[in-house]
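What follows is a pair of complexes built around subunit A, which joins subunit B in one and subunit C in the other.
What follows is the complex of A and B.
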């Protein structure tokens, strides 16, 4: 079938996944594998004063117990991803007796069987000298540390706010959350002839390769990181998790492959998480709804061991036209494992508060919340005055309102009910996500047998990259879908970008596009012989000459040396320097955008929620969600829809369920399993309608595709909170919104 | 988990004999016991699998005494047509519990013996008088939204988590136990132990004893019964609060009432105070709410769970109003 851009091609990897033949990282068989298990700290902060492994080592089958005593090895220079490295944290467990957070790895046990390793891991006896610790941003001893370089000041927002007739000033809270991908964390390390193979679920195989090369003092070519499929990553599997390094060290010492699969509860502390945030939002408007001041002060949880922040205010500042904008960011260091990227890291928490406040402003104005947003639609970026590469927020709202039936909404609180007596609430919110880009390489090979092979060390998180990247090549080369093969998730392939920041389609896709164009050029040249290639075209599997005579592509290729044409291309965003590109392709973190010297590039969306609230019990159910998004050119409507829908469903979870609770007296996460950490089940999600609007963006990248991967979650929490207000009159300014928040 | 011997019993007598060995524990559907062993909360040296024993999975819901074999699966019992018609509260309590996959595997006997989901008990490291007697209770000053406020003590505030048990408490229920020494029948009200000073012990089941059946005295109020489960999500979540109400009515007047609570107490909790409010009254929303308030008169709220008094009041009211409309 036609596999070109815009066709809803069915997921290329679907059959392998549903039939169980797709190999995930932990599925790769390696002969003579030994199994690892972790012992983690039971205190939050302090020192290990004694660690006794005698009993653990006595468990039959135990081969090795690594502790800070026995590790005793100097690692190569590597560091935290936010400091330019590839690690999840600056702190490497087992390199000292220090304990910085609860659930920190204090020993790694390796045994002949999984059962023996687990049993022995429990028999590692540790005594700690514990110190006072705080894991919550609400603890009295925590202080806000301003990040002055993140401040945004346009005009005089304070003065404008003071003068304005209608204003909102409210503070909103979001909790810590964990990714909880269904595929658990883990790693298998295999050394052969001094070279290291790592099978670990990874959103960044080349970055992991570069980091492991640095740690083990090896050339990059001696490291291979392989992760063809992911059972969810959501940002948690981008960096090198410390246990991967420990597993590799254990495997080298033992001379055997070592495999670790991290149990669910341990996953809460050996990886990253979405930090808690507190947002104070102040908005002011004239009586007619013209916004005159936008202020957003965000304080977000960070770690004592690593300063880390995902500032939302640089994004919320882009939403509405206002002559006066004042944005402030700060962090609050806590005794936790280092927080990290989690789907829309800045935007999802930041927009809950910001878009709730916009709804509060609409209520204060007595104005329809969509009308308020449209009235304040900015013609250019409100911060820098740059033109948008494309922005279709208003069309998104218009189409979304139509799909949702917004005109049937009566604005008075509690004015809508269902036939069975439930209170009905309708709410909406805006969403955006920056369209940043990374450099990428890609290889495209067209063979005489008709197949087209696309290779790139990019990643398919389960969201469709295998399918979409194939379509980009098929579109240029006119190859039917069934003859396209795509290879991803292996660091031996041409360098691909981190699967983060929603960059894969735009970045890797641009590289594939470029390589495919190069293949086409050679193909046409071959067909032209000594003639002018420009007078030849490619259509329907044939090369058409100036005489309108078509020759099958296979026939042309048969005349080429080797019977195939292969091209590799390096693509970089237009605003990026060559040095930056080379750094990125070598496994560095190289982003360009979303604002460049000429344009601001963001995807936008309008999101709607219907909630039903039981008038007596005050339980909330989300019966309907509508999302309309503008993300540039949609390569595959099927996978894009699915990706956006997944984000919206997560947004419903964010609004009503997800919270990693902090046991404040003991300064640790409390609900560290899936019985305690709730996310939506199928039964919680009613109808979900997703559409995209047509949008042409000739600026953002070679294929005109903007960010799809993360925007779906961004507006949903506020849309649901706003719907709950509409149903009940209760404005809940924190998530998750629980039954007790509505009992009155 | 520590090494253990797995024994698959092929008769009840063989199972009883195996169960009488020191360090033995019983596994039926495995949904509770495997979980406890994986969490190092149970470490039997001998695991006696009775899941496939013949003769213990029959149910009879038609006679003057409803009889549920201990090995009957939750999913099967939930769909029993007679139970659905005559005792909807019992069906609903099963259908609203866990997930379909778990209900397919879990047995009724194991269900009433499931242990608390208290995170401080489960985490293996917090102070917990239930896990390590005398070590204290981290839930008292910790995250205690999920904790109980009835039948709790200063030693333990954990809740009994089950839905089926919570509903059974509203009926005249008994549990049949067998051991190599013989058999005995324990009224359900005495089957679970309130926490008091010894929260480590949760039921009267002794080492070597196996639950063989659960019986319920037939009663007309069964038809006007319902199980209202309030939970944070629509499926696969323990109750924040649950209320079971079974009524006999003469017109709009309640002539007899049974009320029990789940998710809020140390054991399946009968609420006679609420029953007293309802009995003899014309059922209105106000009376139903008054009954709900009475059910929580003795509540001992903690920092994060005081809302359950109000939520529980409303859940009882909802259940009473729903039950009264059943025919």
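What follows is the complex of A and C.
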């Protein structure tokens, strides 16, 4: 079967995943494995003044209890990912008596069985000297710290806003959220001959390898991080989580493999989360809908132990052609585990407020919200004046409106109802996501038996990379899909990028493309013998010579030494320096774009929601969602659709369900399990329609692929909030939007 | 001191296994950690996500809320036991692939076990009925519409 670019090839890993044979981190069998369990802090801030492990150590089967007393080992230099390291946080539990957040690891117990480890972890007795703490950005003692380097000023937005006849000035709130991949966090560590193997679910095996090498003072080659499948990541499994280090230390001391599976509740505090945000958005327009001022002030939750920010305003600034733009960012430090990347970290919270405000402006103008957006479509990047590498937002809106039936919408609030008496609301919003890229290596091997093997230490989080990266090679080499094999998620493979920032297809895909081209060149050269390879072509599994005579590829390969051709390529984004590339390939964070010296590269999308609101009970159902996206060249329409659809459902979940509640007096997360933390179930989701528009982007990278993985979520929360306004006339400026927000 | 164990015999996918287990061992941990059958997944360990769904005597059950000792004398079916003897996938496994009803694949074994029960119990008269029945199995990647399509397809073929 044709497995080239653009074909909806069936997910290559589907059979393994549906038969239970796909090995996730906790599935790898290691003989004589001991089991670990965690004890976590019951206070939020303070010091451990006494820790007694006697009772825990007396539990039958217990082998070891690690605390800040017994760990007592100096670790190599490593740090927080946003300070140039690979760790989820600057703070490493068990290295001191300090407690910085509730649910922090204070002991790790290892036993012969899971049951004994869990029992013992509950018998570690800890006394704390607790101090006042705050885990909410709404607490009175919290201070906003401006990030001046993130400010954007174009023209004079304040003055333009003051003069304008129509304006919106509103503040929007989004809460802390947790990724909650269904696969629990965890790690298994195995030491053999001084070398470390880690099976941990990872979106960044090479980064984890580099970080663990630094921590344990070993060469990178002595560390292997293996994670061929992971059960959802969404940003949570990119960095090294502290427990991975502790498990590796325990395994080394014990001389046995040690496995930890972190309980769901504990997962809320031993990893990262999406920080809460507060956005003040001010928009102003002339009576005809021409936007004259865009202002967005965002304050986001950070941690006392780590300064973290995912500024949205650098992205919202790209949406509309305003001559006056003013963007400000600040952070608010709280006593929490370090926040981190969660699917569209900046864009998902930022666009809820921003695109709600655009809808409010449309209402104030008495204008159709799609027409308002199209009227203010920028011909170039409104901040730097750079041309877009491609931007098809308007075609997305036109097609989306058609699919959704937008022309049947009556704009008056509450004017549409269903036959069973529900209030019907139709809303829309724009979405975008930056198309940044990372350097990547890849290896492609073409053998005489017809197989093509693609190897790269990139990752398939369910996003389709196993399928898509194989298609890129198949496209160049004309190999049928059934003969393509793809190996990912193992640090022994050629270096691949972090599965973050929606970079995998563009980055690893470009590396695969480069390696495949090199293989083809050698193949044609071999076929040409002493002749001119340029006069040979590859088609239908044959090398065609200048005399139009075709020789089977297998026959050509049989004449090559070893019966195969293998090439490894190191690819970097055009704007990146060689030094940056080498740093990235060695496991560093190296991103280029979305804005280079010549272009701005973003994916765009138009998103639509239909809600049904019960007029009495005020319950909200999302009955229909439509999303049309422009993401450059779509390598596999089937996996891209699923990825975008999943993002849209995340958006619905964001709008109506997701919130990590903060117990403010006790300064901690309160609903730390899946009974209390809600995200969409099957019954919450109605019809979802996803399309992509054809778009040719010759600038962004060799294969013309822009970001797909995260854009699906971006516009959905605002589209739903706007639909709820259309149904009810209630403008809810916070998520999740609950029944009580729609009463009265 | 070593862990105190009790003898437990489990019939899994038609085969009997004699084990010595800590009496607190769940069926989920017995399958995964003692029998090496890791197709059944752990997602919450307290009955909220459905990733550990297996069939016990033909009914969908949560392996994390079932003690292994309590499963003695019952017939347990897991994802590893669905394919035909010649390796042909169960129609529901094939439908999940055909409808792209999975992404990361971690919840998938549990989804498939519930989906088979959904069809067997006849909760497939409407898409809403399928959605309701399948809502005990969370999919964070949110393949829900494709899962409904896969179940609908198999139900229609029955």
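Everything that follows uses one rule, which is that the second predicted complex is superposed on the first by the 744 of 744 C-alpha atoms of A that agree within 3 Å, B and C clash if a C-alpha of one lies under 4 Å from a C-alpha of the other, contacts with A are read in each partner's own complex, and residues count from 1 in each chain.
Simple rule for what comes next: contacts are C-beta pairs under 8 Å (C-beta built on N, C-alpha and C of every residue); 3 or more make two chains touch, one makes a residue touch a chain.
Small disclaimer: the values here were computed from a predicted structure and weren't measured.
Asks: Look at A:182 in the shared chain and tell me whether it touches subunit B only, subunit C only, both, or neither; answer first, second, both or neither.
Replies: Second partner only, subunit C.
Asks: Residues of subunit A touched: more by subunit B or subunit C?
Replies: Result: the larger residue contact count on subunit A belongs to C.
Asks: Classify the contacts of A:295 with the two partner chains as first (subunit B alone), second (subunit C alone), both, or neither.
Replies: Neither: A:295 stays clear of subunit B and subunit C.
Asks: Based on the superposed arrangement, let me know which partner A:483 touches: subunit B (first), subunit C (second), both, or neither?
Replies: In the superposition, A:483 contacts neither subunit B nor subunit C.
Asks: Using the superposition on chain A described above, determine whether A:673 touches subunit B (first), subunit C (second), both, or neither.
Replies: A:673 sits against subunit B and subunit C alike.
Asks: Touch test for A:723: subunit B only (first), subunit C only (second), both, or neither?
Replies: neither
Asks: A:115 contacts which: subunit B (first), subunit C (second), both, neither?
Replies: both
Asks: Between subunit B (first) and subunit C (second), which does A:665 come into contact with in this model arrangement: first, second, both, or neither?
Replies: first
Asks: Between subunit B (first) and subunit C (second), which, if any, makes contact with A:682: first, second, both or neither?
Replies: Once the two structures are laid over each other on A, A:682 reaches both partners.
Asks: Find the residues of subunit A that appear in the contact set with subunit B and again in the contact set with subunit C.
Replies: 115, 673, 675, 680-684
Asks: Residues of subunit A touching subunit C in their complex?
Replies: 10-11, 13-24, 26-27, 29, 35, 60-61, 111-116, 179-184, 229-234, 261, 263-264, 461-464, 638-639, 641-643, 645-646, 649-650, 653, 673-675, 679-685, 687-688
Asks: Applying the document's contact rule, which stretches of subunit C touch subunit A when the two form their complex?
Replies: My answer: residues 1-4, 22, 24-25, 29, 32-33, 36-46, 48-49, 51, 78-80, 82-83, 89, 93-94, 96-98, 100, 102-109, 112, 128, 130-132, 134-135, 137-148.
Asks: Using the touch rule from the top, collect the residues of subunit A that touch subunit B in their complex.
Replies: So the residues of subunit A touching subunit B come out as 42, 115, 118-119, 122, 265, 616-619, 621, 656-657, 661-666, 670-673, 675-676, 678, 680-684, 736, 738-740, 743.
Asks: If we count contacts the way the header does, which residues on subunit B are in touch with subunit A in the complex?
Replies: It comes out as residues 1-3, 40, 117, 119, 122-123, 125-126, 138, 141-143, 145-146, 230, 232-238, 240, 307, 310-311, 314-315, 317-318.
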